[in-house]
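Letters A, B and C mark the chains as written, and numbering starts fresh at 1 in each.
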Amino acid sequence: MATETLVDRRSRRAPGTVEVPRGAGVRPGRFTPYLFLAPFLLVFGVFVLAPAVYGLWISLHNWDFFLPTRPWVGLTNYLNLFDSDNLLAEQFWESMLATGKFVLFSVPLLVVLPLGLAMLLNRNFRGRTAFRAIYFAPYVLGVSVIGLLWQFLLSSNVGLVNYYLSKVGLDEAIPWLTALPWVWISLVGVTVWWTMGFNSVVYLAGLQGIDTALYDAAKVDGASRWREFVHVTLPGLRPVLLFVVTMTILASANMFGQSYLLTAGNPSNETRTAIMFIAQVGLEQFRIGSAAAMSYLLALLLIVISAANFVFFRSKEGD
Amino acid sequence: MELPPVTGAYDGPPVTLRFWNGLTGGDGPFMRKLLARFQDLNPNVTIQMYAIPWSNFYQKFPASVASGLAPDFALMHNFQVATNAARGVIMPVDGLVDAVGLSEQEYPATVWQSGVYQNRRYSIPLDIWPDSLFYNRRVLAKAGLDPDQPPQDAASYQAALETLRSKGIAGHWLASVDPQGVGRPFDSLLWQHGGTHYDADGTTAYFTSAEATAALKWQVSLLEQGFSPRNASGGDANVAFKNDKNAFLWGGPGALINDLSKVKNLDWGVAPLPKIGPQRAAFAGSHQFVIARQKDFDPDRVAASVAFISWLTRNAAGWAEAGPIPARRSVQQSGDFQKLVPQAKVARGVDFIKFYPLIPGIADVQLTILYPAVSDVLLQNSSPERAMEAAVAQASELLQENRQKYEGSR
Amino acid sequence: MATIVTAGRRPGQGVAANLLLYALLLILSVIFIAPLLWMLSTSFKTTEGATALPPQWIPEEFSAEGYTSLFADAQAPVLRWLFNSVVVAVAHTVLVLVTAAAAAYPLARMRFRGKNTIFALIVATLFVPGFVFLMPNYLIVESLGWLDSKWALIVPGAASAFGVFFLRQFFVSIPVELEEAGLIDGANRFQIFVRIVLPLAKAPLATLAILSLLGSWNDFLWPLYVLFNPENLTLPAGLATLKGAYATDYPAIMAGAALASVPVLIAFALVQRYVIAGVARSGLKG
């Protein structure tokens, strides 16, 4: 960048005016930094920090919206979730299983397929931008449009998908939205279709950041495509890969709209995800204490997974 | 806290009322038309109607009361009244009943009692929607059956389905997936076999009783005999019916009369549910008016709300155009109502209707435990015994939890 | 904006390879586009036409029934929902940009007490999944009297820890000399921030803006629960109600979906370069 060629014009100034130590920052007026920070900290304090603590507090109470008293119950809401005779626990773990399945099925596809797509798009050809935009387009539509649209396309009797399958000889109408294992195939498939473009674009940026000299060197060494991919592309993409994997796990664990709109949790709560169940318990049945406890448990689990993921990628860096 | 006294008519200063309901389907426009008529007669009352899908309504309504955003009055399902009464978000309306001159004799007993919780009345019934047998006349005729004589008992129903099957038609598409469509026919069959879902004080579930087993067995037999495709949803059954690929639909008049009337070239009829068990019975629901709890009541608003409720229940024949049967006997017998042919046919089943018991939280038990279990059986994910035993255990636990919770909040 | 470096590292691999590439890309395009065309086509059909087999990609009988029944429906003010969504997304994004940029600047450039603690707190929340805040924030929004209002959608999510982190990383990379020039001219910190720093940060700000817009636009769960009045709904929450209301009236449902999609797709087509560049950048600094 041109700015880097500017001469260092740093100079000492009298105390009390402005001091400019490089990198560490300029010493400002006493309140200036806080004034800059104030708007953010206000929103952050009220809607992030306060609720983080408040939620914990709620989870230690029998906090029913419509009960006159909200008695302290200590860890009961948490312990109940580990009591095998407890109905709520049974349903909660059923929903955790649903979320787990969705993460397990969707994340590998959402990590691998977009990478393939990004490598296709990373070539030099006419119409690249247009194709890129086309693959990204479903993402801007939002989950409700996606839900309405695929509800229709996947309908077992009047849906296009079954119609075209019958044209290629599959006469049995597949119950995409109503029966196992099809519900999972549908939810994962629709999610991949919907969000794949996003991950592809992130990968594409990563691919374009890889030094082309490395590829040239690999070519000189006579490396095969595959070795080139393993030894140049993947290492070059490591930070982007970490980002994509972490974000995709979080997004998949947050899955709500697809189930809510496409399967409504059917068949028999098989696809009712953890977020869906927590929202039902907390905001439909108003058992906010229990719901808060469940969200903390799930969050803890996700933080552990994210951390493990982070450590895994860091350890690979040393290889 | 009690409601201020009212008279059933309103001539005070202009007021604007907020009216919530879940009439988001074809029924909504009918209600709006009636609102307009009422406002013509009562220019000093403006009513803003907010239609929120029922599935969201029961989340938003209590929340709005708790947050001081409550509407003045609302429509609610009969099986949600006890729950919301126990939560304290709707008001007892005993005082209004006398003011508007409602009396027990005017209503079928089941309907009249459905608004009472712990000896106080919390709701005023507007309508009834008994599940009924909708039949596709063209499909019946094509199979050589008499389109004017839909089967009304177990034997003729079986015979009709066999005839249809011999012509390659699955005659009774059985909804196996979406809980609402799955559960209500099961309820009707259970009652037809003389069973009940719960004990009298609502703490034990009887889903494994002989009656429940018989009900489930009959439903499964439809699948086994090829009278229904497997894994069908309510929407599938509906679309198949409209496309002349399904002969029978079991469902409520509120949703179906309107929905089917809109389809061009569809030749259909409706009759009470066939008697599959030893006695007649049909699941029915009812829309009922409730008054939301407010921090302070404005007597004018309450009076105007009651004036509307009183007017509408009296003029419910107009509402019946949307599909449901008026709750008041006098309206059921009126010429205006009798002119509505399908509705009048549905009304013949009114004496056999059954409501869910008046237990707070009952809808949760039905919708989140019983219906998914029935669905599990129909989808063949689970054997009837296993599914129902698990459901009994879960339901009994939820019933007891609810009992503690709702009694605690009184 | 930096020019995108086209890799194209193996040019001229032969016509056959190119044809294969195009074929693959076109097949993929069909998979991505066909459902959207089907939505549009169905929205112009009669109810019978919508479920007719074989499917009619071009309606045999054109009908605007879907649109007219939707527009006549007081219960489904689709255009109102579109308007609400736009207002909420824009207001939310502006709030995110203003608060995050203002907060990121001192964290990058000034020394003050509590700086490390504040920054650590912000970074720590990056790893906390958002649904943890669902229950407590519902109660907080309720006690602020914000239920059923746009405030509930605009403000609570606006404290973007990612935004602060992302912008701070960028601000640190700006050569400090540029700001000193301003100091010498007698400008105060605020003026330097607005006149010098922000203009340099257009690209990362655009990235943050695009991510915030998309996030707000797609938000589904929260509006579903905090909004009551059908007229206050945003598109995602509103459209979800069509499914129940119109059951199998597919032309009306698809008309609703199309009304929600077409303006967005047109807007996307116009600014797709920026959207994609924005999203692309998000992964590089994270």
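Annotations for the structure displayed:
The rule is simple: a contact is a pair of C-beta atoms (placed from the backbone, for glycine too) under 8 Å apart; a residue touches a chain by one contact, two chains touch by 3 or more.
This is a predicted model, so every value here is computed, not measured.
When C-beta pairs in contact are tallied for each pair of chains, A-C comes out on top. Farthest chain from chain C, judged by C-alpha centroids: B. Distance between chain B and chain C, defined via averaged C-alpha coordinates, is recorded as 40 Å. The geometric centre of chain A is 15 Å away from that of chain C, both derived from CA atoms.
Looking at chain C, residues 51, 225 sit in touch with two or more other chains. Touching two or more other chains at once are residues 158, 283 of chain A.
Taken residue by residue, chain B touches two or more other chains at 59, 63, 66, 235, 239, whereas all remaining positions touch fewer.
The touching residues of chain C, when paired with chain A in their complex, are 4-11, 18, 21-22, 24-25, 28-29, 31-33, 35-36, 38-39, 42, 50-51, 53-55, 95, 98-100, 102-103, 105-112, 115, 118, 121-122, 125, 127-140, 155-159, 161, 164, 172, 174-181, 183, 189-190, 193, 214, 217-218, 220-221, 225, 235-240, 242-243, 250, 253-254, 256-257, 260-261, 264-265, 268-269, 272-273, 275-276, 279-284, 286. Against chain A, in their complex, chain B makes its touches with residues 58-59, 62-63, 66, 87-89, 176-179, 229-233, 235-236, 239-240, 364, 368, 372-373, 375-376, 379, 381, 394, 397-398, 401, 405, 408-409.
Every residue of chain A that touches chain C in the complex is listed here, in rising order: 3-4, 6-10, 18, 20, 22-29, 32-34, 36-37, 39-41, 43-44, 46-52, 54-55, 58, 117, 120, 122-125, 127-129, 131-145, 147-153, 158, 160, 163, 193, 197-198, 201-210, 212, 215-216, 239-240, 243-244, 247, 250, 253-254, 256-257, 260-261, 275, 278-279, 282-283, 288, 291-292, 295-296, 298-299, 302-303, 306-307. Residues 23-25, 28-29, 32, 49-56, 59-60, 63-64, 66-69, 235, 238-239, 242-243, 255, 259, 262-265 of chain B are the ones touching chain C in the complex. Looking at the complex, you find that chain C touches chain B at residues 47-48, 51, 73-76, 142, 145, 147-148, 224-225, 228-231, 241, 244-249.
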